[in-house]
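Have a look at these structures, which come just after this line.
Note that subunit A is present in both complexes that follow, paired respectively with subunit B and with subunit C.
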Partner chain A sequence: MKKLILALSTAAILSVASGAAQAATKVCFLYVGSKTDGGWTQAHDIGRQELENHFGDKVETVFLENVPEGPDAERAIERFARSGCELIFTTSFGFMEPTLKVAKKFPDVKFEHATGYKTEENVTSYNSRFYEGRYIQGKIAGMMSEAGVAGYIGSFPIPEVVQGINSFLLGAQSVNPDFAIKVVWVNSWFDAGKEADAAKALIDQGVDIITQHTDSTGPMQVASERGIKAFGQASDMIEAGPKTQLTAIVDTWGAYYIKRTQALMDGTWTTQSTWDGIVDGILQMAPYTNMPDDVKQAAMDTEAKIVSGELKPFTGPITKQDGTEWLKAGEVADDGTLLGLNFYIKGVDDQLPQ
Partner chain B sequence: MRIELEKRPAYSALFSMLSPFIALGLTIIAGAILFTALGKNPIDALYSFFIEPLTELWSLHELLIKAAPLILIAVGLSVCFRSNNWNIGAEGQFIMGGVVGSIVPIYFHEWNSFIVLPLMLIMGMIGGALYAGIPALLKTRFNTNEILSSLMLVYVAELFLDWLVRGPWRNPEGFNFPESRSFNDSAVLPELFPASGGANMGIIFALIATLLTWFMMRHMLKGFEVSVLGQSARAGRFAGFSSTKMIFFAFLFSGALAGLAGISEVSGAIGRLQPDISPAYGFTAIIVAFLGRLNPLGIFAAGIILALTYLGGEAAQISIGLPDKVARVFQGFLLFFVLACDTLIHYRVRLVTAVKARTEGEGAS
Partner chain C sequence: MTLAEAILLTITTAATPLLLAAIGELVVERSGVLNLGVEGMIVMGAVVAFAAAQLTGSAYLGALFGMAAGCLFSLLFAFLTLTLVANQVATGLALTILGLGLSGMIGESFVGQRGVQLEEIAIPVLSSIPLIGNLLFNQDLIFYISIFSVFGVSWFLFKTRLGLQLRAIGDSHGSAHALGISVIKTRYLAVMFGGACAGLAGAQLSLVYTPQWVENMSAGRGWIALALVVFASWRPLRVLAGAYLFGAVTIGQLHAQALGFGIPSQFLSALPYLATIVVLVIISRNRRLTLMNTPASLGQSFVPDR
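Take a look at the complex of A and B:
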């Protein structure tokens, strides 16, 4: 037993020594899901790998996956901070409070929290305008759908998801003003079984296009079994539906991670709150497939207009679900309203859970 | 030749002591093989699992934070299980404890008083106990299977909490995100040694509950009643004990402790209500209860050890890049070996050769 303890402590000293010898910038990532989930977390992990490839030996990355939101997250973030991480990305909304709590204790470490709204001296919040991609998807759905009804698989009724539903519908209504959406909430970000069940239920109700704000490929597989079209989410899901996927919103965090790590190395890192869009490269559209050429052309034109800033998805006139006016003709929604969006627009066949 | 398990005439005191250590040895050997097969240095891996979390003060604090709810719930469950009542719904009672205990800091969020915290804790216990009372009532009234009813009520509690934090209890200044207001200072469970880490009063509650429950089971009539009714309801009735009352006692007791764990977690470690307040503590505690052989003192140790493997799993992910799934598999090894080695307490392993087996048939031993 003594020998074992001796061996263990020697190993400890060695590992500490080898850690100190490296002068690379240590960048750490906290994941809520598995890094091979095929969706949200995988997209962040690809970003992490791009960061490593970009800087080579100059950075060292570490990640923790499947970390529940709550005290476990707080401990994991503190562990990062104590193990020498200089820049820490926490990639789920529920990590916001734990990130802030730990950040207070470690003023010299920089933190970046995804999809939240609070910032501090050493805590940045970053987000992606996913809804821009949703608008393009809606446009495609409006042209492709014969039923005029799309099925939307929602995770949680938070503003980010509500933005997506409304934006998708606005895109579709720009083609077909009577277009409607049916929504099913699965109350999970990743639950292949539940998501697939939701897809089946929606298809049985007569929708002929499925889109999702959840992370598994379950709905894509169901859509391909039933012979209808669908959109991928967070990662390119073309492998799950080679004849089914029209396009996918692909989260491309790598560019952002490289930019922020560079800023840290240059000493120019400051706190900020960013909400980047397609134009900044934080999200991309997967290749437009399984659609006629005119639809493809329309999708590409829409994307180009969003990139150039000519088209803003949330531009009036827009009527709320209850029939009251939200935006007057030509009026554009401000970011503050969008970040707290908690109502549907006209044409959503669902009651927003309140 | 074959291997046979033979029941011992009496349980073995020797193996009762030895079996945890045999289990630990087997876990280390199996783990070393696993880590080597994955191309990781087994010594590094075992170091991160069992030693690293214990080398730093802050990490010891985290260990106590993680262990406290597991111990509190498991101690309550041990009484329930010993009385032959199968409460599988501690997760739901934990959640309802958190919900009911949060009524005060959410509705009276500007009320700063020393009464707030005790009130929250008491309400949390009541919430957990009443919620556990439902399966007890169903069992005594309609003879409903308490395993199913208590388990299904977990999902009801989860959805109820989810509805609350998305609806009526949502923070009005929180951009519609699903969480309640942050509790004010008088509603937060104090930290024990704020200078060195975040461990809060929760572990003290766990310690008190452990000692009191141990005392009750060992030295009080109630403990005797639990054991008698648990082993034979008929014998209990001859002694004048009521199984109906026992069902209520067992469920209310375990529910109250789960509720206390819930409100302690919400108030101490989280500081607000949110859709997820438990990484399945209520279910993990069932493992802890059996790992501690349904003995409160054993449960305290088992809770600490299980918490250690969680922390160790994280440490191993960071220091040697061990995948999360492998860390869970290793945790599974530990549980498997501990429970398997307990077999040695009541059984002995014998190698039986063909010849010997034949003579045994003739009555020799």
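Take a look at the complex of A and C:
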């Protein structure tokens, strides 16, 4: 009898425990870098923390950091799916194929892949219009630069980065039509030393504003040593350059993560392809600092126009680097073209690696 | 400052950590030990140097702690491979992986902080020589140490009795042991010297190159240092030449890009490594010369048989 009671109560406890686990929605995150990288992955992790704070006990979040893109990623995602994750966010471009592969095996689990372009019944892709922020930065650079040349430190020549370069230049040319950009590719997302060297090379060649599409604060530090201005990337880098940073593009994924988790809880989750902008709160501009009031005002006006939809950075007339016409006056580039953007506009002092 | 001078100055900053780490590893390999943990020791040196500089406010103390950290970390390698006779290649790789992970953990609270920079020391009179004065005699302490270490190590290896003994151990530990030279003790000291050099190279990264701490900030420089040792066929002066050649190609390609030359950036990024391979091929063509310079017991464990 005693044994039976014991067995029954154990079963009861177990069922209570598993009941509690079922009540909490398990949301899992896969990171390519470390959650304290000061840039890309950190921004995603802040989003995860916001998700936890928002739902409290109703969600359980799990993350895996420093997962290389490739076969390891597939194993990690599969482990997530097997361990009862209901919603899995894979937060790097290179996780796209592994995510799709695992998603096929687990049709009941929902997957969300960042910055990719493929979707499935249970796989959503989500991205941020970083280029909107770049346009505002370009506007500021156009007003602040005396040389009329900005230095751009690029990671890899993929469409997302090319969008940024072109958008920055369009912003700058809206102020100064002769504005030019010098580009240096470091072929890495994260190498503080190399990024700093690239910044030095650019400054030595006469640029007086630095912007970057790489993730470390190395360039910001060099700019601050040399006494010129710079823009931060992915996270607010004001600490690395209190007198240097003009503004920064800050990735704010939290709102999106909350929205999608809510949709899953409500049973309204469907596959989609999201490309949100400043208006949706997926990216924000860090405070406009170290600039005169009129520039600050212009930057805020530009931001307001982008938010209201009045201004779309890729609006014609725009001429390609080789002199041919890309967009006619008033014509707006469609998302498909932007997602595959592989050419420069006029004014970039570089040849795009193909 | 002219453009050429600016470029040269950037090259010295880029070459210094490679030079220091490589010169340390050269001594280690000359004693017959292959320590593949250079990357791990550099990154440990970088994080400890940064942390110490932040906590004490002194970049010099930071550099000292960085050196000590590299040295202590290498002691772990020495204990495993020399006392416990573990496989050197496996232990070295483990040291690198451990160093990358451990440094991330130690440095977690220091991410994003603005670091203390090691200031430049102008040497009176010499620093006012036109052209080279600013370049060679108005630098930070770690730069001076790196140049001094090349000549110091060269003198030690080829002009002193202890240096001769160290090379003898590297060439034939059995014979050296029979002659009454303490193989294990000498190797311990060599490994610790290598660790201290790598630690200082790390300190240069987090105190001079980019005064900040970011995870994995060594970014493969330890592996380049290892390649440089082979590239230099275990000769200190050639390590100097190699490190600066490598630095020059790395910086030169960034300038070529900024100038808008139409060369693919991927090719330019690969150029330093390509140069290493070319030189390696040229060196290896002369087999006798290679064999003469390679420490014959490199990577072999030593167990005294009597």
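Here is the rule we use: the second predicted complex is superposed on the first by the 332 of 354 C-alpha atoms of A that agree within 3 Å, B and C clash if a C-alpha of one lies under 4 Å from a C-alpha of the other, contacts with A are read in each partner's own complex, and residues count from 1 in each chain.
Assume a residue touches a chain if its C-beta (ideal position, glycine included) is under 8 Å from a C-beta of that chain, and two chains touch if they have at least 3 such contacts.
Values in this document were obtained by computation on a predicted structure and should not be read as measured data.
Once chain A of one complex is fitted onto chain A of the other, the partner contacts of A:246 are absent, as it touches neither subunit B nor subunit C. Look at A:202: by the touch rule set out above, it reaches subunit C but stays clear of subunit B. Contacts of A:158 after superposition on the shared chain: subunit B is touched, whereas subunit C is not. When the shared chain is aligned, subunit B comes close enough to touch A:94, but subunit C does not.
Residue contacts after overlaying the shared chain place A:353 against subunit B and subunit C alike. Within the superposed three-chain model, A:143 lies out of touch with both subunit B and subunit C [touch as defined at top].
Once the two complexes are laid over each other on the shared chain, residue contacts for A:83 go to subunit B alone; subunit C is not touched. By the document's definition of touching, of the two partners only subunit C reaches A:183; subunit B does not. When the two structures are aligned on the shared chain, A:43 is found in touch with neither subunit B nor subunit C. Residue overlap on subunit A between the subunit B contacts of one complex and the subunit C contacts of the other covers 34, 157, 187, 353-354.
Of all the residues in subunit C, the ones that touch subunit A in their complex are 3, 6-7, 10, 14, 104, 108, 111-114, 205, 209-212, 214-217, 219, 221, 250-251, 254-255, 257-260, 262, 264-266, 269. Within the complex, the subunit B residues that touch subunit A are 41, 43-44, 46-47, 51-52, 55-56, 58-59, 62, 65-66, 162-163, 166-167, 175-179, 182, 198, 265, 269-272, 274-279, 310-311, 314-315, 317-319, 321, 323-324. Interface of subunit A with subunit B (complex): residues 7-8, 11-12, 15, 34, 62-66, 68-72, 74-76, 78-80, 82-83, 93-94, 97, 117, 156-159, 187, 339-342, 353-354. Against subunit C, in their complex, subunit A makes its touches with residues 33-34, 36-38, 151, 157, 182-188, 190-194, 196-198, 200-202, 204-205, 216-218, 221-222, 237, 239-240, 349-351, 353-354.
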